[in-house]
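Naming follows writing order (A, B, C and D), and every chain is counted from residue 1.
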Amino acid sequence: MIGGGQDAFIGAVHRIAAFMDGQYELVCGAFSSNAEKAKASGIALGISPERSYGSYKEMLEKEKALPEQQRMQVVSIVTPNHVHFEPAKLALQSGFHVVLDKPMTFSLAEAKDLQQVITQTGNLFCLTHTYTGYPMVKEARQLIAGGKLGTIRKVYVEYPQGWLSTSLESSHNKQASWRTDPGKSGIAGAMGDIGTHAFNLAEYVSGLSVSKICADINVVVEGRRLDDDGGVLLKFDNGASGILFATQVAAGEENNVKIRVYGEKGGLEWQQQDANTLQLKWLDKPTEILRAGNGYLSSYAKHNSRTPPGHPEGYLEAFANLYRNFALCVQARLKGEKPQPEWLDFPGAGEGVRGMAFIENVIASGQSDNKWFDFVI
Amino acid sequence: MIGGGQDAFIGAVHRIAAFMDGQYELVCGAFSSNAEKAKASGIALGISPERSYGSYKEMLEKEKALPEQQRMQVVSIVTPNHVHFEPAKLALQSGFHVVLDKPMTFSLAEAKDLQQVITQTGNLFCLTHTYTGYPMVKEARQLIAGGKLGTIRKVYVEYPQGWLSTSLESSHNKQASWRTDPGKSGIAGAMGDIGTHAFNLAEYVSGLSVSKICADINVVVEGRRLDDDGGVLLKFDNGASGILFATQVAAGEENNVKIRVYGEKGGLEWQQQDANTLQLKWLDKPTEILRAGNGYLSSYAKHNSRTPPGHPEGYLEAFANLYRNFALCVQARLKGEKPQPEWLDFPGAGEGVRGMAFIENVIASGQSDNKWFDFVI
Amino acid sequence: MIGGGQDAFIGAVHRIAAFMDGQYELVCGAFSSNAEKAKASGIALGISPERSYGSYKEMLEKEKALPEQQRMQVVSIVTPNHVHFEPAKLALQSGFHVVLDKPMTFSLAEAKDLQQVITQTGNLFCLTHTYTGYPMVKEARQLIAGGKLGTIRKVYVEYPQGWLSTSLESSHNKQASWRTDPGKSGIAGAMGDIGTHAFNLAEYVSGLSVSKICADINVVVEGRRLDDDGGVLLKFDNGASGILFATQVAAGEENNVKIRVYGEKGGLEWQQQDANTLQLKWLDKPTEILRAGNGYLSSYAKHNSRTPPGHPEGYLEAFANLYRNFALCVQARLKGEKPQPEWLDFPGAGEGVRGMAFIENVIASGQSDNKWFDFVI
Amino acid sequence: MIGGGQDAFIGAVHRIAAFMDGQYELVCGAFSSNAEKAKASGIALGISPERSYGSYKEMLEKEKALPEQQRMQVVSIVTPNHVHFEPAKLALQSGFHVVLDKPMTFSLAEAKDLQQVITQTGNLFCLTHTYTGYPMVKEARQLIAGGKLGTIRKVYVEYPQGWLSTSLESSHNKQASWRTDPGKSGIAGAMGDIGTHAFNLAEYVSGLSVSKICADINVVVEGRRLDDDGGVLLKFDNGASGILFATQVAAGEENNVKIRVYGEKGGLEWQQQDANTLQLKWLDKPTEILRAGNGYLSSYAKHNSRTPPGHPEGYLEAFANLYRNFALCVQARLKGEKPQPEWLDFPGAGEGVRGMAFIENVIASGQSDNKWFDFVI
């Protein structure tokens, strides 16, 4: 693991997600950009001192030098955005498979470069767009892909948070500080942090690609250096339209990402706060409530549940699904077997590049006086 | 009553709303533009044949000629949009108070004219933006007006319907036909029919005025002559921003108008499907659930409830609140008394003119390549 | 109307329910047991002084003496329980149809007598068990009657209120005072006031009859003279079992009556707080959400809605459905026509007698040391 | 681990719960009563062949003989009820700490014996009543313990499932078979499997002890050998009353355990389907919605969450909380430190004995003609 030392929220989440299904062991790490802190964090996490490295470069070099049976197999990178590209590239080139926190990189250019490295090295790569790991999100995608809703006409996706309603970054809150710092986060704040999740969810579920956008990007809290709010009108490649919003200043909101998609025959709705439920609405018959764990679901939804119906699984299980599917693919490769299609259903380089394109396009559209902005990569 | 004969949805709703609190009696009517049908409808509704008029002109003329004690006091106009202006103007000029279904008129110009007539005659006027009649919507407005949420930053309002997902107008559905007919509905379809409700709700609850818009207006169902869908980015006069959407092609949706407003200190959420509940969300304390009928509510919310907490009131009661408050104001005027502020809280000419401006601005913005469109009246 | 003067909650509700659909006019009344107050209330309600009677006896006598075209047709009795039997009996014997607030009478013996009077006079009689007036409750009954759930196995019904959590009767609250007064309410408090509603709902929806009970009846608030809480184990005539609870000391609860019924194939759930929704749960397929106003519902549900789907109707509309169906039956009789089955679907004498039997059996069971108590009438 | 081989539902849950926080490693196991299957399961789970034991006796003997640094520290026992007592007793006497699936044993007598063994050996013991592991359940307990609701008056707890609505045991479903087999499950079916959870939850949250019960215990599905349904009237030691129901024949229900507790000042409600929410209802102010992960919660709720508000945690995390707290206590003992009170908050021998007493009392009450049955241990 690279990054994710003490105080880091997402590092702990990655570890829980990796451990949950017993598929991963934490064998080494470079948990901080500060060598001393890195080593201390490693030891606190129960890693042997000699594999608690002072930097990711050291880690990759030394692990690579270990015998194949001893060295790590997968690198998790959970650093702020400005430290995504270099370690990911180096890890891939050192022969390791990589799990990388989103967004993929600091800039779109980096993302395209990294995509090339992935292709060239042939190593496996997973980008942790968590929300696609939920079984009922997978069910939604499968239902739409199977034509159950007919041609898709409308996509509404939203991601309201409230935790940045005040200038938290002024009070040395670590999470707030790097996310609002253009040097660490990139050109976008909320749009990069959560807007990319909403964007990815919209494309994943609908099976469509955004082709044009019209964005209203705002800095609501005075003095903040990056956007903390935005609303975006969307056009999709099939002619459908939609709306995306992501905000971190909706005071009182927690993290309730939600998507609604409507086709000719019906619509569906999913929200994280009721994650084990998928609503299917129909033009002329009762709404159906699909629930995780049930026998009537697709193989994709079933594969990503662990418990019978009525035993709620949540965010950590969705995250763990990414890790588990990635592990299953790594193992299949080691055994020379073909992975099942359900295992391959995790976000990769393509999604990462589109996410970075979203960031760059949405910020550009926000600054433009033209209404419709072509979504370019 | 003018309009609202057999087959008319909204006419029946107006009658129930008027009757509910025993404040109105239906004494006469011109229930259709077809004289014969008009008379038949009147008699079917239990009105004496001599006051079941063949046209609204006849009705206004003859009623005006009756002795004051016998003639009607209030005219309800529940016709399609192209028959709003003339009868309303004539009724006001004939000395009657007027309740008019929304939107106010066929065009903004008419609305401004009618506003002048209202001012000149001094008669009372109510425009039935039903959603402002809900007690918990009134509570929301009062809370924001009282500064409980701090400065308002975000307003999200949505009005999803699905009933026009197919070309219902092709199969002679009366409700669908006039609403999609530019000759009867005006320049807007969904934006006029339900977009104006959403717009009115956003301004009513937030206490703000929309100053700029950026609209994506769509005709989704092939062959339809007016918009059936739209999304609008909003800017308000205090610098807040927001999103409005209204659609009649969200297959499977019924009529779940919903509003969320966020200020510096917290947010609130109301939706018609759970109309007796208002959620108050706070930055740093538990969400509060305010419920209609309770003692802790404002005088505005209390005045607009009839039953103790836990006895759900709905759409018809919200509608009836408009009628009741209007009746209370009419009675106060007859008695020469000053109406209470709670009675005066119903939509009038100002809201009507802004609603018509919304229609004209949103359609113009939808056709424009410029991003931000000044909201002009 | 008998009873229902100033301060009376349920009298106002009856009037709204009667007025809503334009089927009733309030022509006379004896609104209080105090002659002066009765007359004042009548005049305040807009009734002519000569028909604002000082007592129900006077009213029934004088109205009976009026020419048929002028006299009232239906009497609504909305007094406390101890003044149900006498006025109802006299009204029926005077040739009037009667709408009576629940529970039917002060004692089971009175209820049986009244049932005989109803049979003998042949006049129409409605007992206002409001909850059976909801369209989705009617749908639930129809679905079970149609065998959709298979043989019924379990019935859970609950009626939690919290408003009597303190000794409100000590502070001269009128509603609390008569309900906790054995001289006015009868032998039961909560069991009579709301337990009878729950009992009626259970039998109405399930189509079954309770055959044995085992009751735990409590006086929770110190010094209260009647029960304010109870839980009851139920056995039904088909062998099904269930649980009923009704309480007025569930602090913080409003009035959320709820029923769940399970058969061999599935179950259903309805609660007043979300009154326009009926959940249908199945053994092996997704839960279905049926919503009022939709085309897929039974004729019974449709007949008892006024608005399209998504326009919430509530408690007052449910109450108005009783009044409207009663009016339709009265009119059919006047015209010598056969009423439609949907019109006849309102609670009458049979339900009233069973409700009184519930009160007497449940109190007796509560006082007994034997476990299972035969439900006797 | 003892038990929990292939096909076993709860064994996999225990493993996930143990792994999640990186506190446990699976080092050995006797995963089946069939030696061959046991070894195969162990190897499939990645355990070395020499520690994949053929029986729990072998495992305990051989592990005990290993050097302290190498041998296992904690034994998880996840077998059917008839194989709880012997392995637990032997494990404790062999010097291991024990995590045991509920109910504690096959009979109350065994439970009391085991309690003595626990006391005598001084080893740590956890019984996995999962629902007490939810942060919002802990918050509920803390609020009541802190007197926020005043004296408790009513406790309603329910556990509806539908999966045994048909005779699943006839079709060789492993989960159904042992649960309905008196030789494996004990004298109770549903009451033992899920009734004990409901009972434990009621006592845990309310802080009260059940003192009397009156039970209606049913076998609904023909031919079933143990109860699949029951309703129980409850009396608590402080005079409060309540109702418990648990059923496995509520067709269409999943696993929605729910509890409501009311005191003099207010009430609270929690249900597993919305596990991260706790409703607090008040006599005279708005309902409050407390949500997991927030700063305003008690130290007990906070300690048992892993993620910020709005990242739903579920059943597996609740289960993992038991394992984590147990691990923290084991580690504290190894270090000779005093565990924090939050760590000690997991179910142990006392809860286990009361659970077994519930089973025996509730079945006896169900067979008795006397109404109130003293809850004896």
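To be clear about the criterion, contacts are C-beta pairs under 8 Å (C-beta built on N, C-alpha and C of every residue); 3 or more make two chains touch, one makes a residue touch a chain.
Source: prediction; values computed, not measured.
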Between A-C and A-D, name the chain pair that shares the greater number of C-beta pairs in contact. A-D
Measuring between mean CA coordinates, which chain is farthest from chain B? D
Would you kindly tell me how far, in whole Å, the mean C-alpha position of chain D lies from that of chain C? 43
Centroid spacing, where centroids are CA-atom means, of chain A and chain D in whole angstrom: 34
In whole angstrom, the CA-centroid distance of chain A from chain C equals 55
Residue numbers of chain A (touch at least two other chains): 253, 280, 287, 291
Contact set on chain C toward chain B in their complex: 9, 12-13, 15-16, 19-22, 26, 45-46, 161, 163, 253-256, 272-276, 291, 293, 306-317
Contacting residues of chain B [partner chain D, same complex]: 280, 284-291, 294-296
Which residues of chain D touch chain C in the complex? 149, 153-154, 156, 160, 162, 165-166, 214, 216, 218, 220, 229, 231, 233, 235, 241-243, 245, 247, 249-253, 260, 262-267, 280-283, 287, 368-372
